[in-house]
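By written order: A, B, C and D. Residues from 1 in each chain.
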Amino acid sequence: MTLDRTDPEGAIAEAARTYSNWGRWGEDDVLGTLNFLDEAKRRQGAALIRRGVSFSLSQSFDMNGPQKGWRRRTNPVHTMLDTGTDAVVTGQGFPHGLGGADDVIAMPLQCSTQWDGLGHIFDHGKAWNGRPAERVVTSEGDLVTGIEHMAPHVAGRGVLLDVGRVIGEDGELPDGFAVTAEHLTATAEAHGVSVGRGDIVLVRTGQLTRVRRDGWGEYAGGPAPGLSFTAAGWLHGTEIAAIATDTWGFEVRPNEFEHAFQPLHQVAIPNMGLLIGEMWDPDALAEDCAADGVHDFWLTAAPLPITGAVGSPVNPIAVK
Amino acid sequence: MTLDRTDPEGAIAEAARTYSNWGRWGEDDVLGTLNFLDEAKRRQGAALIRRGVSFSLSQSFDMNGPQKGWRRRTNPVHTMLDTGTDAVVTGQGFPHGLGGADDVIAMPLQCSTQWDGLGHIFDHGKAWNGRPAERVVTSEGDLVTGIEHMAPHVAGRGVLLDVGRVIGEDGELPDGFAVTAEHLTATAEAHGVSVGRGDIVLVRTGQLTRVRRDGWGEYAGGPAPGLSFTAAGWLHGTEIAAIATDTWGFEVRPNEFEHAFQPLHQVAIPNMGLLIGEMWDPDALAEDCAADGVHDFWLTAAPLPITGAVGSPVNPIAVK
Amino acid sequence: MTLDRTDPEGAIAEAARTYSNWGRWGEDDVLGTLNFLDEAKRRQGAALIRRGVSFSLSQSFDMNGPQKGWRRRTNPVHTMLDTGTDAVVTGQGFPHGLGGADDVIAMPLQCSTQWDGLGHIFDHGKAWNGRPAERVVTSEGDLVTGIEHMAPHVAGRGVLLDVGRVIGEDGELPDGFAVTAEHLTATAEAHGVSVGRGDIVLVRTGQLTRVRRDGWGEYAGGPAPGLSFTAAGWLHGTEIAAIATDTWGFEVRPNEFEHAFQPLHQVAIPNMGLLIGEMWDPDALAEDCAADGVHDFWLTAAPLPITGAVGSPVNPIAVK
Amino acid sequence: MTLDRTDPEGAIAEAARTYSNWGRWGEDDVLGTLNFLDEAKRRQGAALIRRGVSFSLSQSFDMNGPQKGWRRRTNPVHTMLDTGTDAVVTGQGFPHGLGGADDVIAMPLQCSTQWDGLGHIFDHGKAWNGRPAERVVTSEGDLVTGIEHMAPHVAGRGVLLDVGRVIGEDGELPDGFAVTAEHLTATAEAHGVSVGRGDIVLVRTGQLTRVRRDGWGEYAGGPAPGLSFTAAGWLHGTEIAAIATDTWGFEVRPNEFEHAFQPLHQVAIPNMGLLIGEMWDPDALAEDCAADGVHDFWLTAAPLPITGAVGSPVNPIAVK
């Protein structure tokens, strides 16, 4: 696929048409490609738990995160309602020496490791499955495809594609590097792992490793390695259930068109119904996979069932 | 164990001494009984994935929850930063027909389905492992045992003890019913399931079923069935990794002493280092277990790694 | 004016037409009736400061307020970022014995004493001055008539109309009591006070006195005394700059039509451009006015300039 | 007063002793220097309303503010619960063509124009009036001197000291410029205005003018012009009720000692009981004062009565 850099509109329209899954799971569908993740796939994934070692693929949730306020996205603000200092000094009004601490959080649902819900992106006013965006997501939230519908489903076979290690130098792809279907295929081959229907794919670019070393910089919204717009066909053809990256925005940035913003999202979410994860932390898992040569595992990455949410923070757990 | 209802202070002191795990995993420990959940246990748990069917054990996170403001605990407030109505009407300033929705949440970490972190409760100014509470939890959060330390660990063998179904009438225990070690043992026997070191136990009382039918009432903080103070020995002796209930407060309420507040918490969290879950929703899983007679399963219930948090919302996923 | 209780649509349409101020202050106007409050009015108001005694007309902002979650309106959640207990116990990392406390708040802008901005209510898709509602208030806030535009203006002559004391029994109007133009006029006459162009009128019904004594009950959204729909002409003809009440919703509730919701708002805000205050606390001031017989005063009630807000908490200060 | 730059501890101790107001208004006092603002002062202030023109002295409250997350201080996050786009597209479930918009805010109380409450700063564990800090401010807020106590009081005579215009070049003092008592006195003399008991003083340094032109930079916490530590005697001796600046931190930064943090706060708030305002916007008012040569005015700057708050956002209104 050759991109005409001056015509994102045309390229998006063609890809949307070619890779659409509208109607594939009925007109009432609220799960998109998560439909590919079935019980057989879970049985296959379960067999991958061999050693019993588990990995969190989540970044931290705190004020030291990368958010700078763009689109009113802040880092999480975590405050205490009660503390140990209070317990010791005031007794807190509790009997028999009991003390307690309690806390609250205020955060954008996209502030750190997260899933994009199906209501997160629209294409020319259409949400997933062809629904009018304005009937799906109002100020009351996503009335149709809220992330709560995915609550029980996101557990199955995970596959790490460590493109940074296989294709990059010193384990990292540079910002602006577009990961194509060829890169993904070559990485899977190098790992000796297959990718197919119902899998949850985790692509490691190495950008997180880099910003962890060098400072956040423009991690939240700036240049990054990521999926090429041309990878849309691979995303569709593999019939994967979900895909996540270690970057803020999943796709390569700057985007590959002259005047564009997240064109692959526009194809993948509303047209393909693909579940996309961002800001995951694959590094500990990737170290382990590089060491033992096994790149598939059991993965649970259940969103919080926040009613009507168009995204959710998540702590994905891989077990090998 | 016979309780002197007039002496919670004495009973707590004795139980704390008898069932203390301080120092058991070294003086730097931040995991408590989660140390029991090892790789062998995960391998054992993985073998329980037979059919590939998954269940969310989480209640909803929205304004329709049970919180009424006690201790500044509100229901989650979820608001939108961008919507589909905006996308359609204003175009949102995006190119090529892209539209987007984004959202934020403000919530107490104990508002719905959740884990209590090790810094959640103190006993006479001591936090887990004997640390001074005032050195552990300040306004900056839990500086030592924050829930982020548990991020990769909570995945293993889960066991449902459906005490409501086995001991209760019509599947429910009445409010104020104290679940003793005998009830737990009898339920396990009725299920034909074992409970032991490293397991994550889920106790269903049926209260959630009841309030779902009858309205929240005083679910958040009022009378409830729950663990008897006398079950402390069972919690300790079984060497379980964690335990959760379908109630707001884990232990029976009113508590079993004349003037007391959550005395079992005071023993279990700071002294035993036990991970406690509350407000879980076991009902769909319990139906399935009653139907197929299998009460153990693979369970992943990873807290969000909110740095310094003394609790975390969680969407626990059981797979059979 | 006689109301046809079955035809709110017709009554609203007629009142909207009759009492419209669209275009009165130019097509770019963002202030509505606040335009009536001019420098001469401020000079008149200033002359009312005779004794130098000041009154806050604000209710508290805390978790003990009346909100119960309807329309996601909670009471304010105020939490601490640093405390005195921390300062004493940990030193907080500050040098030379300095200690500090800091705090945050999360609150609906309509949770307690507040102004309704001009973008708060629409009539058949039209916002103040005839603008399309969808061009005025999006998820980014009120892009045209945000409350910040009112920031410097709300200071002038205030007039208390203590309808509760003049018309009610024991100083209180019952819930459901509709305050008509006749009641307002009679009250002003009883007080010996005039009401006219540019004044800020405060109507005391006594409901707040009652719920303060008896408990909040349904104060936030339930039955209440308040302005009759038929008072629209008085609101328009007097050319007042603003009006506030001690009730949640300004107008009488239940509303005076069979199937209606806040019909007077629909006339007063988008059509008249009237600044409306709710949940004010007039009681201390009213005591003083009853004692000295002086019912007008200098009033400052400046909204916080929250960019794009459709309302604002306010602490109105009356000085006599 | 000559400062020993190496001994903040000693200088603070001496100033605290010399300028203490502990006990001056009784042991139960919760108002500090606001006690100086009496009815006579208000009558004096009212006489300054001559033209009837009003000025807001507040900066904006939005995501474009200067906060960068230091000490978990973010800019205000304002989100909508309902919008005009929704009203037009969905009808929102309201009858007779009514539409509505509603909003919420989450913000640190020190994020923009604000008052520091008396519980905001401690000196060696002592809060205002000599109270133990740990008994005053816990996680539940300021239990004694919460800002709600000041709700009705902050209205009186305001005086602008435009030190930037009088002492600075082009109307601005450079960052790091320490404003001494001599500068304040010289400025008052240049203006021909007196400063005395019960006044609310507004010091303009010009820094806000500069950052408004050049970008925020390190406005929130970085170098700034401001009050010299040596001005403590002036603050005490004048018996002013309150003082505010157009800077983030009131006092000069870097502070005048080698290793120090806000030493003047440590004297002024807990020892003197002085009400301090920060991040005010004096520029429109200062233009007017420069034009008409009148530097005193009626000022209302009432904090929101947030129960237990150690600070409050405020929209101060000056009227001349």
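In this text, a contact is a pair of C-beta atoms (placed from the backbone, for glycine too) under 8 Å apart; a residue touches a chain by one contact, two chains touch by 3 or more.
Protein names from UniProt, one per chain: A, B, C, D = Cyclase family protein.
All of these numbers come straight from a predicted model, not from anything done at the bench.
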item: Pair sharing more residue contacts (C-beta pairs) when B-C is set against C-D; value: C-D
item: Whole-Å gap between the CA centroids of chain B (Cyclase family protein) and chain C (Cyclase family protein); value: 44
item: Mean-CA-position distance for chain D (Cyclase family protein) and chain C (Cyclase family protein) (Å); value: 27
item: Multi-chain contact sites of chain C (Cyclase family protein), meaning residues that touch two or more partners; value: 72, 77-83, 85-86, 88-90, 104, 106, 134-135, 138-140
item: Contact graph of the chains (line, ring, star, complete, other); value: complete
item: Chain D (Cyclase family protein) to chain B (Cyclase family protein) touching residues, read off their complex; value: 77, 79-81, 83, 85-86, 88-90, 104, 106, 139
item: Chain D (Cyclase family protein) partner contacts - residues on chain C (Cyclase family protein) that touch it in the complex; value: 8-9, 12, 38-43, 45-46, 49-56, 58-62, 64, 71-73, 76, 78-85, 87-89, 94-110, 119-125, 127, 132-142, 148, 151-155, 257, 259-263, 265-266, 284, 298, 300, 302-311, 313-317, 319
